[in-house]
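Comments concern the structure below.
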């Protein structure tokens, strides 16, 4: 897929809480095709430790209004600079990058997300819905504060949640949710994105039940386009670049 | 009209701007962004005799205005390059140089022998300065006798342009530069990365799997400029300057300090179009300051 | 309560934070800003046997997250220090170390002899690494034999704490560290500045009167951390880490990498209160991460 | 004099033209004593090349409103960041630094400024006026655009101008102004601040006519408080720090 470098205009900065914002970015021409699971390399201003671009998943796409959304968790200087962007500001993106989630062979799918890993699942869910599949989301967080923008997910599919403190939904990790405790799961394809630890247990569960499982990794990146070889992950074929061979991998392909 | 061409001891460049090894892939990764034939040259990824998996993840960390990498020369080996990459890139209308690395003199020799057969490859950049591998690599570039032995051996085999890439992790860079010139290097390029390290205070762990790695980006520019200046005073062969170049002004500074051409590395990650901007900016600088050719910039620093 | 004290091979510090030579004057310049007796130590300006005028102006340039200086050890000489400065500073309730430099071994010896008589000065930081002087300076610190000769000579004369400040402009910093330990140094401090250069493209002139100068500030931190880590693996004497420390987190990183104490240099120019903030921040870090004393941080990096 | 580190609040950013702004900064307590000719070391945000503070003269002081003014010429990253400050922003200053212009022994003085070197002359003029001396300003610029904030100077004293292109006032450099072409000058103390080249000719003229001449230097500085020894100037006594022994020097003391 062709990659672009474009200046987007921030048309909205929706603050969800202390930690999360959703940026809506508009392009002044038609958007190129963007697949669910792809990401952008975002240029923030050069602060002390923000020389490099920051990889951020495409959270949602609206071709008609030529807008994309980014869901950003502020964890350091770069993401904080994104969180501070205001309407009218310009943001330069290299995009769309990486492979994408595959099209399911089945109608029964589960989308499991945790933390800012929920970001790419919304656009994936929307695309699945357009293809006639109702996505079933399972979103986990430490507490209700971490469950963000549920309204958006609810518009697209069925939403299930877990919180570690039990403040909302099932208490515990995603793996403790009834959807993943059953021995006869109703779905046969899992898409997951979130903390490595979470994805590993999800992948293990999928393996045990012979369910196809695609995981989206968030390795540290320098270039995002396959030239620096910094973002590798260990696979059955050796080191592969998360930015070009991924970020989405079949869990059985990874040496986990 | 400014004449941007540069004659690098026989190697003709359209303009003084090349892209640095390990930061521009094989060029193909950038064709979506711009016409890479506009470049003076492309130095492709570090290539070794055999396939190398490189170092474990994590391999990079950001530092104040710089980055550390510990890729460790991951590549599929020269034979794969010849069979799978070369056919794809050989007709790019720019100088495609292969960056060659090895753990032993024999490895360097064997790769050089194979590259010598590649009609469309006008030169080798001999990497005797990679800080991210256990054997060979930087070790060759940090002592005169070993630098001499590898350059001498490769020079006997390799007939086209031989650029030797120097390490900055050294007490006296001019000694090595002088020594490799004596062995018949056609040019030297510098600097490779400075050996550095980063620690995450919270997890108390090093940020790289290898603990130490190579520092690049704007942070190293003052060191790079200094070494380019020092080396250009003592060698007669052209010096290719790199290290932290982000803008045309940076590139001009390197040329004023003595570089005949420049390479752009880390900046490609931040702005894939940076090399074009640098080319245009060098031209604009020449126009503004009354230079009719870019090559006049080389060593044009005024220091009384 | 976190125990912040550090025992530097006999030299007792209230806390691991000292200020670096050439960046904190004689301490007096900072008393308007804070109570300097809170510091673990102050290393005063580089002092030589005779009065030195230093290098011509301009002596500094800003670089990406760093600065270059070419002061060239301007100072009024040890006798002036003893007659005019010492009386003023000797009762500061912190460790006042004198940074000593020379062009010949004899000069070092003579200054050391005089400093040895100063009751309230608990130690010397032997500067064998100044890049900004034509003779001596860095030359002593970049080869083992010369480093050995000067440390050996001074050690015979100087009875109190002898800290030797190492140069980063060297292929293998561990060799020198090891050598000076062998000559009886009580501790080593590193790094001094990296040799760098800056050019003004518009005027085509170097930004420093001496063309090259010493790079300091955040840009050098990765190199400094790496050297501190390397040296702390090979010597038994304490290592004092410096180079680009701006925050308590930076200081903690140096300690985790192996430093027993740290020095703060360039950061003093940007925030005169920085050392206090670093002291408080180290304490907070210890509390948060369950260390009961700052000295436990030394070498506490987890690297499997 | 005691030095302070304080956060000031920007209460006004008066833009004079493309290149110059006057910042009015307010302190939340009483201002310490500040002498004419002193400067502040200003902390701007850390950009690529703005690690260090920037020395800026105290342009004016209003003890009653606890405000000081800085006249800033945007010539690089640091001064541009200052020029972009907005009302309500905070600016951290280390101040007041350096020595000061001396009190004149005479009633007839000339204040010669060029470029942003005019900055310290306003506060000096105000202090002279308070002491019963009417300052006579001679301000030079390339063209009328460079003659800034003349209104402020006119409130304090008599203003004479030169422009290189002759667009306002006498055509030429300050040295071409009738005030400095006469062999029997009406003043016997010159204060000057501006480009070195300008100050040198002014100092030479003063020397020729046995007029006391104080020049204010703008050497590159790292610390501003006398510890780094970067800002030296060559004097009859050897290297002296511009930041502590200066910025004001008697022209005869300098090795010019």
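Order of writing sets the labels: A, B, C and D. Residues in every chain begin at 1.
To be clear about the criterion, a residue touches a chain if its C-beta (ideal position, glycine included) is under 8 Å from a C-beta of that chain, and two chains touch if they have at least 3 such contacts.
If you're wondering where the values come from, they're calculated on a predicted model, not measured in any experiment.
Considering the contact criterion stated above, the chains in touch with chain B and with chain D alike are A, C. Of the two interfaces, A-D and A-B, the higher number of touching C-beta pairs belongs to A-B. As a whole-number value, the distance joining the C-alpha centres of chain B and chain C reads 34 Å. Centre-to-centre, using mean CA coordinates, chain A is 47 Å away from chain C.
If you average the Cα atoms of chain A and of chain D, the two centres end up 55 Å apart.
Once the centre of each chain is set as its mean CA position, chain A and chain B turn out to be 36 Å apart. Shared interface positions of chain D, defined as residues touching 2 or more other chains, are 46, 48.
Listed for chain B are residues 63-66, 218, each touching two or more other chains. Interface residues of chain B facing chain A in the complex, by the touch rule stated above, are 22-25, 29-30, 32-33, 45, 53-54, 56-67, 69, 71, 74, 217-218, 266, 268-273. Residues of chain A touching chain B in their complex: 2-5, 43, 46, 48-53, 94, 219-234, 238-239.
Within the complex formed with chain C, the chain B residues making contact are 63-66, 68, 142-143, 169-172, 194-199, 201, 203-206, 211-212, 215, 218-223, 225-226, 229-230, 244, 249, 252-253, 256-257, 285, 289, 300-303. Every residue of chain A that touches chain D in the complex is listed here, in rising order: 46-48.
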